[in-house]
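We just call them A, B, C and D in the order they show up, numbering each chain from 1.
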Amino acid sequence: MRKTIQLGPGLQIGGDSFVVMAGPCAVETRELLDQVADAVAAAGAGVLRGGAFKPRTSPKSFQGLGLPGLELLAAASARTGLPVVTEVMDPRDVEMVARHAAILQVGSRNMQNFPLLREVGRQPKPVLLKRGAAATLDELLHAADYIRQEGNEHVMLCERGVRGFDPSTRYLLDLAAVPALRGRTDLPIVVDPSHGTGRRELVAPMAKAALVAGADALLIEVHGAPERALCDGDQALRPADFAVLTAELRRLVALCGRRWSRPETTGRVASVPGPHVPGSLDDEVVAP
Amino acid sequence: MRKTIQLGPGLQIGGDSFVVMAGPCAVETRELLDQVADAVAAAGAGVLRGGAFKPRTSPKSFQGLGLPGLELLAAASARTGLPVVTEVMDPRDVEMVARHAAILQVGSRNMQNFPLLREVGRQPKPVLLKRGAAATLDELLHAADYIRQEGNEHVMLCERGVRGFDPSTRYLLDLAAVPALRGRTDLPIVVDPSHGTGRRELVAPMAKAALVAGADALLIEVHGAPERALCDGDQALRPADFAVLTAELRRLVALCGRRWSRPETTGRVASVPGPHVPGSLDDEVVAP
Amino acid sequence: MRKTIQLGPGLQIGGDSFVVMAGPCAVETRELLDQVADAVAAAGAGVLRGGAFKPRTSPKSFQGLGLPGLELLAAASARTGLPVVTEVMDPRDVEMVARHAAILQVGSRNMQNFPLLREVGRQPKPVLLKRGAAATLDELLHAADYIRQEGNEHVMLCERGVRGFDPSTRYLLDLAAVPALRGRTDLPIVVDPSHGTGRRELVAPMAKAALVAGADALLIEVHGAPERALCDGDQALRPADFAVLTAELRRLVALCGRRWSRPETTGRVASVPGPHVPGSLDDEVVAP
Amino acid sequence: MRKTIQLGPGLQIGGDSFVVMAGPCAVETRELLDQVADAVAAAGAGVLRGGAFKPRTSPKSFQGLGLPGLELLAAASARTGLPVVTEVMDPRDVEMVARHAAILQVGSRNMQNFPLLREVGRQPKPVLLKRGAAATLDELLHAADYIRQEGNEHVMLCERGVRGFDPSTRYLLDLAAVPALRGRTDLPIVVDPSHGTGRRELVAPMAKAALVAGADALLIEVHGAPERALCDGDQALRPADFAVLTAELRRLVALCGRRWSRPETTGRVASVPGPHVPGSLDDEVVAP
């Protein structure tokens, strides 16, 4: 029996559940965040993602809003009923981030930041650990051991693309890592097709492929106006495209004998005014 | 409208069709080949694969049966009604191989063997062109241009894994290449999850993921006794596991709005004596 | 004119100087450290390297001695006259490490640990920044910008091997990064042939090649008993082999028109009892 | 004792000899070829390189002059006294190429073109076998075995860069392959810093590094007007820069205790009219 991480009534990651985590790459403004949060909740996402502390290649790029960003995420979580996953980069910030978020993300660049791993291992919130761009599965599992050794067993492993040689994608999404990891660990496995490809038009096919390959959850970037995003706009889905994707995913979830998992209390946002999109949770789902 | 390659009544590759090509890595004996050919035909494969000329890393490894292997393949094709795909390595062998096979395969190591590409471009049979282990999609498309420039437009592109750094898989299957190629070419796209992972237990999940990601066909190794195979036994499915996989694939094919394609005349082999396996074509398929 | 970093009388890194930094991978005991420190000083090293905080793939591996290791390094530095370079992994340890060491090393796994980069940028000691195993030169230079933006311009860039696909070496040492970086920055460039190859017998040829390719300094692991080392013994040179290497390097330094740089006060250790080794600084060096 | 390949009076590859093979990427015209051939002979090259059959990524790129190119190479060889190395791509061309050239090159894309390897193994001329862009050293050595198994023991192994992820160089030159191969085989080892970096300004530092790392020979592209070259002009040295490089290499050859090897009869071209360049063989060389 595979490990499950309980995140509240109706929402669990692992086991036979399937969860979509979605939201903007970075928290930019309250308006943009609320718009996306409402949209992904309406489309059936189970967790809201968003970055307040952003690891950016250049120090001159937008570095995230920091604490005010965390507060906006907490407000959006209260509004939508979706728990929040957000990245923590500094061991000194772990306590603060853990106060505002339901899941702490350790990013790809920090997969072997051992002081950070130990610190997230010492607090009680689940941890989403991203595979480094040049990390073997062995190294990823050992990194998870750093967290677990401190007492926190609620670790999810996230494949988000390794460094490849072909400039036609940003990273090389290693989907075979999903079944390979399932054979070696009972920790839930997450796939990030947004970073893993870096190109909007590849996100939906790889999201569906990840589910079929055995992933327990997806991490997907959604932005109301990707062309104006402060961070990684090329890989963000528009809300309408995200809704189409979740509709397709839900049919595959049924076929794969899994259960679409989201917070029980999220139903209310389905009444947020807006156009009816195919795949919103008001539609009836019939398993094949 | 995407390009289709017609291979006989009922069987086409590309468009809305989905085809499974299956068989042993190498032709070893008539008995082993016939056993596998019957099994893959019964399970719904549309094309029989098998190697008579084997590109092996070491000159001391089994190099294939050569012409007698081609003759065994032709006999198995006549027996099952499945057309044959087999590799050609030497430009001087193209005519001979084309006489015995329906599809000529150019292997990964020969993706930029330009004299060979030109030679298969000058004969009329379709060509399955495998991506080199370090080839970009640009280079793969340019290699296809060498074939097309000689007049042969019936080229399929095959993703079979690129060189990766993690020894936990044999190659790194680049599934995002499937949607990325679909955006750039109308040639049919094939995925080889057997070579692409090198591990039997990863073949089924990646086969299903490839279909969902948009592949038009799969190339899958099946062997009656993988532990005694002369070549790549670790990645060969057993016939019973292959039948389970095709049953799962057929449900996904229906969900994806595609059509399971195989030769019309193959139905007769369904009467070959043997245990009933789930997913054999005697089962009724109901689309969701 | 290329940037130089002054480390005391006689010792500078960059410009026309060439410096060898050597010592054990990890500080294990006072005896082992002193033995190696004396040996590398006698052979002409300019800086003593040694790890007190070790980033290890598995949490069950030896993690370094921590603060007592720093104190042993400081004592060995006083004994030999060689300044110390040692790794810091945690932003909360930067001040402590900076009190004990002359150069702070940021390891490969932390190249994009931005809080750590900012913290070492706010203290006055020079920083040796190692390239990540999947980092482009662009990303390495941007990581250096994080340090420089905080006011610390004394940054050295270290090539230590990127992730490759061939198990015959531990990493793939990208020596062309040396001239490529020289064309883009005036920061001193260091090469670590020990981690970059992972195999003792490849260290000397790649050390010499690095010098000829334009490196300003080398980082070399030396251990008195590599077969018993707690960390990376396979890549450590024995003291006698290190002395042979420095002798060869000194002839190349002369040929390349550079200057062998080490602390003026280190001469005294040349009188440490022991066998005369070719290349010890008592030998006269004649430029060609 | 390492294997040597004798190429005529004064010229051998392997053992304590060091040879520079140089010339244009592709043979374009008699005038351009003769100009470069005279220049590289005057600067001390031991072998003339030039391509008549060019493996180009796109079928629309210049494919080489073919047989007329071979004839121009043979004429330039007679003129300068330098034996010629040139690529053969098609097993049907082996006999023709072997009539015109002293060394047959098997290119990177054909390292595992086994019919071609067997064919060059059945003729008597030495073979320069280039490592594939994703080939391990094991695979390179096995490819050499295909040639040797046919009776031709005169094989040189050439490192020319593997596929890397950093666009700042064309390939990733794996110099550590040189000492790693020396530990496993006695075949001569060649390095191609031109293809291995793809950038003119990196060729000289990597050429010198290759020598110091233990290479027996270099393969360097030289072109009289790189900006107008039909092929790979970005990586070609100008004749004057090549002469500076050979002068530097000769000093390193002396320091490394090796012998600069070129045909005895080549001296006469030193009288070809032209400016005196530093490093031409008229200069006296004094070992350090």
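Keep in mind that, in the parts below, contacts are C-beta pairs under 8 Å (C-beta built on N, C-alpha and C of every residue); 3 or more make two chains touch, one makes a residue touch a chain.
From a predicted model like this one, the values you see are computed outputs, not experimental measurements.
For chain A, the chain with the farthest CA centroid is D.
In the contact between chain A and chain B, the residue numbers used by both copies make up over half of all numbers at that interface.
Chain A and chain B, compared by their mean Cα positions, are separated by 35 Å. If you average the CA atoms of chain B and of chain D, the two centres end up 39 Å from each other.
Shared interface positions of chain A, i.e. residues touching 2 or more other chains, are given as 134, 138, 162-165, 167. Per the touch definition, chain B reaches chain A in the complex via residues 134, 136-138, 162, 164-169, 172-176, 178-180, 183, 196-197, 199, 201-202, 205-206, 208-214, 251-252, 254-255, 286-288. Those residues of chain C whose C-beta lies close enough to touch chain B in the complex are 163-165, 167. Only residues 55-60, 89-92, 109-116, 132-134, 138-139, 142, 145-146, 149, 162-163 of chain D touch chain B when the two sit together in their complex.
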